[in-house]
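Some structures to go through are shown next.
One chain, subunit A, appears in both complexes that follow, with subunit B as partner in the first and subunit C in the second.
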Partner chain A sequence: MMRESTLMWIQYITGLGILVLGALHFASLTFLAPGGYPGALEYTTVFSRYTDPLWAAALEAFLALLSYHVFNGFRIMLLELNQGSGWSKAVNATMFLAALVVFLYGTRTIITFYLGGVV
Partner chain B sequence: MATSEQKPLEFKIPNLEGVEKPIKNVVFRVSRFDPDKDSKPYYKDYEVPVYRFTTVLDGLIYIKYNLDPTLAVRYSCRMGVCGSCAMVVNGRERLACKTNVLSLNSSIVTVRPLNNLPLIRDIVTDLRPFLEKHRKVMPYIIRDDIEAHQDREFLQSPAELDEYMMLTDCIKCGLCYSACPTTATDELFLGPQALAQAYRYTVDTRDAGAKQRFEVVDSPHGVWRCHFAGACSAACPKGVDPAFAIQQLKKLILYRRGAMEKRKPAPESDKVREGISVEEVVKNIPKEWPSPPAPK
Partner chain C sequence: MSAGAKFPENKRGVLGGWARVSHANFERWLYLLHRLTGIVVGLYLIALLVETSNVAPAYLGNNPNVWNDLMASLYNPVMHAGLLIIAAFAVYHGLNGVRLFLAASGVGVGRPIRPEWPYAPVSLRSPQRFLGWLFIAVTLVLTIYAFYQLFIVTHFV
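Now for the complex of A and B:
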């Protein structure tokens, strides 16, 4: 297990990263979308983002940052809500697994779209 | 010597309103709890005459001596130094001896025990969990050569002292611990007082215990659980700012951990420091302290 300060350092860095990549993500769905906002959420427009390697990489990075930040945040809240070594171990393991599942599932979606396939 | 030519001393008669006679009666709504009889705490009202300088502690002592001797209240110095009379007065953490009843501007004074601590009786709480956390952060100078230099001080400049001076005013009353919202939910959280003292001793240049202290505070229920609500600093009756110290401690761990852990502590007083040796200081000390001037 990493030191708490290392976990928190990553938490702060991922928070900043989410701010930047989140802004980029929303911009890509609005005024940066090809053809402007009205058609930004149409299937072909969104699909074109996923097939672009740079946008796909940005989405993957955004997903990684979110998976860590969200589930480490939940871990912190749950550790403050209740105490005990059994509880701590259960919370740490559950949050780690949940983050991994969300990250892998999201990655699968991004890769599927990137390769041109539709689920 | 007074002579007949000297003018008699003039005394200004102070305003005695509210000093000789009470200004008004105030209801003290006091939390009562006897572990042998009661299943949970309840409030009981007492009418207390209030003078201009009556404090909440004076009111409680009045109740104990005149109205209800079974009331348990902990106090000692009555002057805001010992921290024994820490309690929650009208919803805020305060020292009862430093709280003037009239300043509360209320006809009802509600008094209840500190939050986040086990209740012993009435408004007396068990401070042991709080003091155990204080002990946990090793609130003393740690260094290898401390035993060998019991008879001399370790040198420190005024600027180095300024780094932690404000935090030495802590009287361990527990008000910050009671006000802390994190302590309310996380009973293992070290709390503002202990964390502030961890910072106070870590930045002390005479100390070399950063490594041991970081092991304690850099933990799942340590310094990172502080959300910077600032309630601790607002509650402190001595002007200590634990919230600030905790943020500084976080900064120290994130940016200067390695340097702090390897830091050599300040030398003992016979080593040269900042170009001045103790021999030189001692040489300039007068052999005999000058006598006070003789009275004319």
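Now for the complex of A and C:
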């Protein structure tokens, strides 16, 4: 188990990464899309993004950073609510598993979309 | 009891704990908002992943109708209002996160001084407080842009 200070630094680093990729995500939904927000939701626009290796890689990285950041955030808040090693272990294990499940679940979508356009 | 023997246990819950706002100063309000926005955007992430995973068959079957039907069902002012809140919350959380990262790194919190009357902490007169207001202003500007995209572009342009 890593120290809490290390986990917190990873929280900051993932947060800064999310800031960059999140800005790209919002840009892709607004001024980078043809016709702004409505155009960003067109089948062809979304399809071309998901099948582009760079966009797919950016989405996957975004997902990985978010999986850590969100569930470590939930973990910090939950740990405050109660004390004791039993509670800590239960929260740590549950949040780790939840982050893993969300990451794999989202990865499945990205891979499906990517292969759906390539194969 | 075991932990309470040495340190008092923190059993005040949410409303008596981090969400308690009596005597809250500016930074405390930012902290409260940081947690609220984090929870909402975090839960939204899960909903978004469920939504996008449901349209995977549209791509595998090369059937745009599955996608178009879903988009048509979500393309209304109520959903757009929800997205506006998510956008505002995400921008606030991100920018305030930068402020917290700088504070944790010791940037802009001022130099320590001797405790003299009226004992105002240096950190509360520092660039950190300016950053707080600056990021709120930037959040408002970007939220107005999100409003333009979600309500003006979608219905009038």
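Points worth noting:
The rule is short, and it goes like this: the second predicted complex is superposed on the first by the 111 of 119 C-alpha atoms of A that agree within 3 Å, B and C clash if a C-alpha of one lies under 4 Å from a C-alpha of the other, contacts with A are read in each partner's own complex, and residues count from 1 in each chain.
Quick note on the criterion: a contact is a pair of C-beta atoms (placed from the backbone, for glycine too) under 8 Å apart; a residue touches a chain by one contact, two chains touch by 3 or more.
None of the values given here were measured: they were computed from a predicted structure.
When the two complexes are overlaid on their common chain A, residue A:Leu41 makes contact with subunit C while staying clear of subunit B. Put subunit B and subunit C next to each other and count what each touches on subunit A; the higher total goes to C. In the superposed model, A:Phe96 makes contact with neither subunit B nor subunit C.
Of the two partner chains, both subunit B and subunit C are touched by A:Gln83.
In the superposition on chain A, A:Ser5 contacts subunit B only, with no contact to subunit C. Comparing the two complexes, residues 8, 80-81, 83 of subunit A contact subunit B in one case and subunit C in the other. Chain contact summary for the complex, subunit A toward subunit B: residues 3-5, 8-9, 76, 79-81, 83, 88. For subunit C in complex with subunit A, the touching residues are 2-3, 9-11, 13-14, 17-18, 35, 38-39, 41-42, 45-46, 49, 52-53, 56, 58-60, 62, 64, 67-68, 71, 75, 87, 90, 94, 97-98, 100-101, 104, 145-146, 149-150, 153-154, 157. Across the complex, subunit C is touched by residues 8, 12, 15-16, 18-19, 22, 26, 29-30, 35-38, 41, 43, 46-47, 50, 66, 70-71, 73-74, 77, 80-84, 102, 105-106, 108-109, 112-113, 116-117 of subunit A. Contacts from subunit B toward subunit A in the complex involve residues 182, 185-189, 218-222, 224-225, 250, 253-254, 257.
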